[in-house]
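In the two complexes that follow, subunit A is the common piece, with subunit B as its partner first and subunit C second.
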Partner chain A sequence: MSDDALTQVVRMLAEVVGEDFLLDVEIGRDTTFNDDLGLESIEFVALADRLRDHYGDGVDLAAFIAGMDIDEIMDLTVGDLVDHIAATEAAHA
Partner chain B sequence: MKGRRMQVPSLLGAPGIPRAETPKRRFLFAVPPLAGHVNPTVAVGTELVRRGHTVAWTGHRPTLEPLLRAGARIFSAEDDAFAARLAEAREEWLRLRGPAALRFLWEEFIVPLGHAMMPGVRTALDRFRPDVVVSDQIVLAAPVAARLREIPWATSATTSAEFTRPLAGMPLVEEWVRDQIGDFQLDHGIEDLLDLRFSDHLVLIFSTGALVGDTSVFPDHFAFVGPALDRPAGAAFPWEWLDGRPAVLVSLGTLNGPAGERFYRVAADAVRDLDVQAVFVAPPGIVDGTPPNVLVRPHVPQLRLLQKMSAVVCHGGHNTVCESLAQGLPLVVAPIRDDQPVIARQVEAAGAGVQVRFSRVRAAELRDALTTVLTGDAHRAAAEAVRDSFAAAGGAAEAADRLEKLA
Partner chain C sequence: MPDVTARGVRFHVQAIGPPDPGRPVVVFLHGLVLDNLSSFYYTIAGPVADAGAHAVLYDLRGHGRSEPTPDGYGADDAVADLFGILDALGHHRVHLVANSFGGVVALKAALARPDRIAGMVLIEAYGPGEDAGWVEGLLNTLTASALGLEYDRLADQLLAAGWRKTGRQIAAADALINRTTLLDDLARTEPVRPAELAAVRCPVLAVYGQHSDVAEAGRLLLRTVPGCTLHVMAGHAHTVLREGTAELLEVMLPWLAHHAGTRVPVTAAGGAR
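Moving on to the complex of A and B:
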């Protein structure tokens, strides 16, 4: 299930950021949103929209971030988001 | 130094003096070494001097001198070694985004600046003996020094981002910021902690509800006075270059390294085939093969130039945004860091402009955004509504009224 979520998140990021900006980056579980991708606020909102469209209101990126401290937000990885999606889906299964 | 003059007001009023005389007071502005934070204080200071008060600034003298009017009194509160360290840190800061930039701003800039300014600010209080200290929102030293001396102090908020609580969605981060402010006060012997970003006497915000949103939730000592725009004109400009077509100002404040260079190249491509002229505020030679409808100038007389513009593309710096809106100009905003995403959202929510990406913006994206704000009346009308609210708010004169009441 989490492999599937990883595929989805990578696809969404490619859409939001643009494939041609990711030529040098292999997005995986360890990719950080802040340092590796430099995701801008507009792109973050666009990703949140895509996640909600695909997974429903259960996957709320803003709410996911809300409980984190500044280090956790700085170090947030694609894998953290994938695990959150998996946990949310398991809870609704 | 003149002694303080007290006056008994005349019952009948003095002939030829229409406004009630207020006693002459002394105001000290404490500012960080950032032009955008200094400029509004120049306008307020000029208005106070016009009313017969005495003003001075405390901060980094080499940064302040070119920004202030000739002869302005400056009390140095940042030595050159520290200023050099800050300049170095700034280079690193320009590479950061989001939470990393926030952390860096507090740990490497605001808190060390506060400690470094403390002795100089104290000396300024001893020697200038101000009746009121006006502290920039990110100068922690001035409120602490003023409180220790029991001098009334006001906050000068040169960006309105903090008034929309941008970190409300991240309570632990918001708490972390307050901890930085609390620890600073404890370090200097104050245990009755305040949020030093918001004076409990007077907070001057150089914006209005038309941009910030609902301001009725704030207490009366929060004064939304609108932009304070009177400052020295600055650089020369070849006015004859403007040929009457719609013109666009493109400015990122500072260059922001390679990402900024890329942004200007993309902007050149975006306007190349549009029937507009564009003035880029950037180092010469930044765009190879600059299109004929683009003029690159390292410095511009921005306030005067805006009067000739039809729209503005910028990074969302509060001053450039408000100066543009004060002329009723719609905006395309490409926020980079700090308060800029918040200000960009304010502009969009007010209907006065659109947001685009910064690092990965494409020429088509920028061209569409620019065409959107230039054609059709909606964005221009919204920008003009903000302009009218700014004009009604009173700017530097209203700020001076509020400061006189505090003195």
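Moving on to the complex of A and C:
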């Protein structure tokens, strides 16, 4: 399940930041949104839209990050997000 | 939420909290050039929605993920954009939460359509002033940035060095400052003078940093707007939204509960959030 979620997250990131940039970056679970991908805050919001479109309201990135400050959010890794998706899907299974 | 087209411009809009008819609508207005709706999305919009509001956030034209236009960056156009977006969304009467330049947009909106603005939280708001010099500080900062961006080609260098985020932010600022009418539009934007401020009918919560360059605007609001409360944040300058988020929420959530009918979260009183 989480491999599939990883594939989906990588696809969504490519849509948000552009394919040509991602060609230079190997995305894995340890990839950070800030340091490795250079994701802008507003692009993280756009990623949240795509997650909601794909997974439904259960994967609510706004709720997931509600208890974090902006630095904690930007320290998140792709793996953190994939785990959140997997946990949410398990809860709704 | 999908994009909304208003006045022929495509705006990036985000909503948090269900759009139930019983929920007050709170609309967030961000600052200029390097700012966009994400500064609210990651700070106060979630807690305001948790308190029972339907939070609406959008990127001003040319900012964030909204469509860039060659012109139309003055406060009057921003007010028309705001009401155009609210019309498209079907919201008639709303509360506004505005940061920095968003404040002058909020004040002019409340004066233009007092029937549609029920109350305002103004955070470090530009706009209140006695004369046309109000915007000078803002313009000087932006103009200095523009010169640097134009001659240094800084954005290209940063992008080439792999500093994607900083490079993109600077490229976006360069585009706005050097390739639109933004600076001219701002220079033509009139301040909101004391006589106008005295005519603001809705309740206002003004929040300013103790060491802010625009702190005088807060004192002017308190002196002139009949329903104004001023909260000065000790030790802070202009960046209270990001650096003083918890204290800001402790002040604005009870204010919104009183004036907009949202709930006061238990965590707000204890400051535990």
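Everything below uses one rule, namely that the second predicted complex is superposed on the first by the 88 of 93 C-alpha atoms of A that agree within 3 Å, B and C clash if a C-alpha of one lies under 4 Å from a C-alpha of the other, contacts with A are read in each partner's own complex, and residues count from 1 in each chain.
Definition applied: a contact is a pair of C-beta atoms (placed from the backbone, for glycine too) under 8 Å apart; a residue touches a chain by one contact, two chains touch by 3 or more.
Treat the numbers as computed from the prediction; the structure is a model and nothing was measured.
Novice: Which term applies to subunit B and subunit C once both are placed on subunit A by superposition, clash or fit?
Specialist: clash
Novice: Who does A:42 touch here: subunit B (first), subunit C (second), both, or neither?
Specialist: Touch partners of A:42: subunit B and subunit C.
Novice: If you stack the two complexes on chain A, which partner ends up touching A:89: first (subunit B), second (subunit C), both, or neither?
Specialist: Once the two structures are laid over each other on A, A:89 reaches no partner at all.
Novice: With the two structures laid over each other on chain A, which partner does A:34 touch: subunit B (first), subunit C (second), both, or neither?
Specialist: A:34 sits against subunit B and subunit C alike.
Novice: Once the structures are superposed on A, label A:80 by its partner contacts, choosing first (subunit B), second (subunit C), both or neither.
Specialist: neither
Novice: Does subunit B (first) or subunit C (second) touch A:62, or do both, or does neither?
Specialist: In the superposed model, A:62 contacts both subunit B and subunit C.
Novice: On the A-aligned overlay, A:18 touches which partner chain: subunit B = first, subunit C = second, or both, or neither?
Specialist: Touch partner of A:18: subunit B, not subunit C.
Novice: So which positions on subunit A get touched by both subunit B and subunit C?
Specialist: Looking at subunit A, the two contact sets intersect at 17, 21, 34, 38-42, 62, 65-67, 69-70, 73.
Novice: Mind pulling up the subunit A residues that touch subunit C in the complex?
Specialist: Per the touch definition, subunit A meets subunit C at residues 17, 21, 34, 37-42, 44-46, 49, 62-63, 65-67, 69-70, 73.
Novice: Along subunit B, where are the residues that touch subunit A in the complex?
Specialist: Residues of subunit B touching subunit A: 97-100, 102-103, 169-173, 176, 335, 341, 344, 355-360, 362.
Novice: Going by the contact rule at the top, pick out the subunit C residues touching subunit A in the complex.
Specialist: It comes out as residues 1, 14, 16, 36-39, 41-43, 46-47, 50, 59, 64-65, 162-166, 168-169, 242, 245, 273.
Novice: Residues of subunit A touching subunit B in their complex?
Specialist: Touch list, subunit A to subunit B: 17-18, 21, 34-35, 38-43, 62, 65-70, 73-74.
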